[in-house]
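Each of the next two complexes has chain A plus one more chain, namely chain B in the first and chain C in the second.
Coming up: the complex of A and B.
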């Protein structure tokens, strides 16, 4: 009797372990192992051919070379702005999908948001280039409308990078927002309206507090995607993009300085973690609650 | 006489192909408790939402406190609503919920706090201001929802089946509490419900609604004792319904014969000619039960039947009979004397009822020949 029960419990644990195995394997071999190796790399310095010693030199370089931390800060600020703009743009879209569109219209709108993501990010970004480059569609249109005398180069500007980043991130903001707005009981909005609140006041005191976990979740996802984006800033910003992931790429691939690249990688990880924590603290959200909503 | 707090004047609302509210006019006296009673889909929710301002009538006008509410948004009306699911704000404390409307009026925080606390005190929730909404019981939440509205001192308080979500025991308790609250505050309440017992217990006046119209508007006693339409007779309170044809008259009393030959007598309501299809309604408590027909009142027509089942429910106990010849079901309330406590199924009994207390209507279209 007792044996059978123990057996059963053992079976249960075995099944759980089996179910978790792929995830643990993935986490261990693709995330933890490489990062452990990178951590080791970042804390050493080449002192001679095939000779390395432990040192903080890689991190020191980052702080002493203005270009590096300048790019680092620029990436952080641009990512925060891109996240905020994505939120501003995604909120009305999510509101329409969750509250105003009924039945099939809602799903249709959702699919319209989703369709661009069937195309690879590279192709989508190249599409932007076709539209915005000097000989592209939009500058030609501006000339035709008489707004500019000669075609303007619209690529390689910060605003262009921003447009690309927001466009790439939109869906990842819309999805958590829609799910959190859908769970908002319409009668709460009506009750607030009935008690004398106007539109803005309802948004501030009812809608945003209710959707806060969804807003935070969307912001975290978009911020991390933006901060770690390589393709969009490089293609749309060209040499002017000065995105931190480019610096990492350069260190690893062009300069073959893996130690420096690894240190940059960890700095970026530290930056995203720190900013997410600050964001959570500022919005008064708990990480666990937020993750359950995504 | 003061102006009524609510006046509806030929209010119409159509949705696509059906008329939800059909040219309705009524008024509600200041300080009274008015209920709109009707089955689901009768248009009562639409009517309430028009009063609150969430939907606009297609034609007609609604005046509150003597002022037309045309083009007045819900947040500008002197009306507050208690929602069916209460719609308390879960992101706020109890105190913040009650103070919400005051804050929207730009009242300073200290004054807001004073008023909301005083209001909570009045609904016996003093000290609950800092609690979260989900820490309260169903009845307490109900009181918060009412307090949240009443603190704004509205001309009208609208209540949209607020007791529907509560369990039976609490519902009975809240009925009494609602009535006491209304009496204490003196605010005009407009209450919608599909539960006739809620409407009868709570209201000063009830409008019985069906298919977008009021079938009858009157005091609970009027509706119960003097129903004017077969719908009201069938909907308000329990009633035995007997369908047949008018076969004779004796002054105001009509003789009705069912298709299978049972003859009953009832008071005529409206004009009915001999041979017309009619519906007779007899309240269970109007009929008198006897084991021996000789003990029945001699001036009433006697009927005989067989006990089908005894429905014991304390003071509301009843017996379900089958009329002897036609096997039609007939329900009689058991007297509280206990003389029938040993009644058994299959037992043969006699019964009678005063024809003057039974009512007979011309049958509604499509209702003839069918049994309740």
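Coming up: the complex of A and C.
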């Protein structure tokens, strides 16, 4: 009997080890070790051919060279604005899908809103380029309408980058918003209305508190994706994009200055983590719960 | 406000107008991409010069290469497919083992491990790419110095692209599959065991069929995400370029409508895949209610 029990326990351990192996291999060799290595890279300096010494030089360059931290700050600020605008734009749509559309119309509308995001970002950006460039559709339309005399270049502006970023992010905001608004009981809103509450106060004291988890989840994901975006800023912003991921690419791939690129990578990772933490703290939520929502 | 409450007419009109404007905003970029795939002009720009299939079939008289003759572009689609198949297979497998690990396993440090599994989603793709690139070349260099081994697969190229994409797509597969496993009624397994079925048989005939929709769904999503990935791929790519990177390169140079043609194919393929998936999800969700 004792033997059988020990045998069973051993079997259990073996099965556990078998299940643990892929997870540990995945996280260890593709996430943990590479990031540790990146950290090591960022804290060293080349002093001669194949000779390195520990130093903070890479981080010092970042703070002393105005270009770098300007771009960094610009990326952060624009990402925050883009996140906020995505929320403003997505909220009414989520409300229509979750509350106003009845029965099948709601789910149909939801599917229609999701479809464009199954297509890759490259294709969507191509569409914006055709629409906005000097020889494109919208400038031609503006001339035809008599609003401008000659076609204007609508690409390579900050506003264009913003449009592209918001467009790309919409899905990641709409989905968590819809799921959190759907769970809001309509009778709460009716009760508030019967007690004389106006639209704004219902929104402020009932809808937003209830939807807070969805809002947080959406904002966190959108912010991270915007911060780490490369395609949209470089294509829609051209040389004026000045996005931080572009700096990382330049250091790593073009200049082959891996130490500097690694430091930049860590700064971006730090910024993204810090703002995610702040968002979670402000809304009092846990990371795991938020990620499961999206 | 909600339908059961009185809504003034201006609010109804504004809502409808907003909805229409939103849908136009959503579909306008895709529509122009599709339309200009058929424009008889060397650049995807107005004015409209008439309908043509040159950008698909080619036209030697006008020196146009169509999509079906553009071997670079077709090659890159093939490359993307190979990468996506590898990433999908790996993600589905690891997602499945992870789901059992998280939902069934009992071991110290499980909480930390399950949080760690979410980490790849919050790391920007560019950083995933460079960290894997740097780590792989460190190993390759070490192998070269210490043993004189030339480990080519650790240099920028498709194997690294696969690993880079897998590193975060595995999280998505894990989340999808474990969400379904969490809802599984374990008494079904116990009943089968009581009736004398072997553990392996129970797994094969009860648990795995139950998980099938989640595994298939996560596989479809993995495939699409891999096909569409740009950030991570860009950092790890070698001489074989997947479609997104190839398209990016051409878009910077000012592309011909061939790109519109290939985009149209992508749109149709992903719409078909999306609708099949949603339909399946629908028909399966209904009887359970």
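We adopt the following convention: the second predicted complex is superposed on the first by the 254 of 294 C-alpha atoms of A that agree within 3 Å, B and C clash if a C-alpha of one lies under 4 Å from a C-alpha of the other, contacts with A are read in each partner's own complex, and residues count from 1 in each chain.
Rule of thumb we're sticking to: a residue touches a chain if its C-beta (ideal position, glycine included) is under 8 Å from a C-beta of that chain, and two chains touch if they have at least 3 such contacts.
Keep in mind it's a predicted model, so treat the numbers as computed, not measured.
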Side-by-side fit of chain B and chain C on chain A, or clash: fit
Partner chain(s) touched by A:118 [first = chain B, second = chain C, both, neither]: second
Contacts of A:170 with chain B and chain C, given as first, second, both or neither: second
Partner chain in contact with A:74 - chain B first, chain C second, else both or neither: neither
Touching partner for A:26 - first (chain B), second (chain C), both, neither: second
Vertex chain A; arms to chain B and chain C (CA centroids, nearest 10 degrees): 90
Partner chain in contact with A:190 - chain B first, chain C second, else both or neither: both
First, second, both or neither for A:46, with chain B first and chain C second: neither
Dominant toucher of chain A (residue count), chain B or chain C: C
Nearest-approach distance, in Å, of chain C Cα atoms to those of chain B in the combined model: 5
Doubly contacted residues of chain A, that is, touched by chain B and again by chain C: 190, 193
Contacting residues of chain A [partner chain C, same complex]: 16, 18-20, 22-23, 26-27, 30-35, 37-38, 41, 89, 92-93, 96, 99-100, 102, 111-116, 118-131, 133, 135-137, 140, 167, 170, 186, 189-190, 193, 199, 202, 220, 224, 227-231, 235, 245, 248-249, 252-253, 258, 261-262, 265, 268-269, 272-273, 276, 287-288, 291-292
Touching residues on chain C, where the partner in the complex is chain A: 1-5, 15, 18-19, 22-23, 25-33, 36, 43-47, 93-94, 97-98, 100-101, 105, 107, 113-128, 130-136, 138, 163-164, 166-167, 170, 175, 179, 224, 227-228, 230-231, 234-235, 243-244, 247-248, 251-252, 255, 259-260, 263, 266-267, 270-271, 273-275, 278
Contacting residues of chain B [partner chain A, same complex]: 52, 54, 73-76, 79-81, 83-85, 87-92, 100-101, 104-105, 148-149, 152
Chain B-facing residues of chain A, complex: 185, 187-188, 190-198, 201, 205-206, 209-210
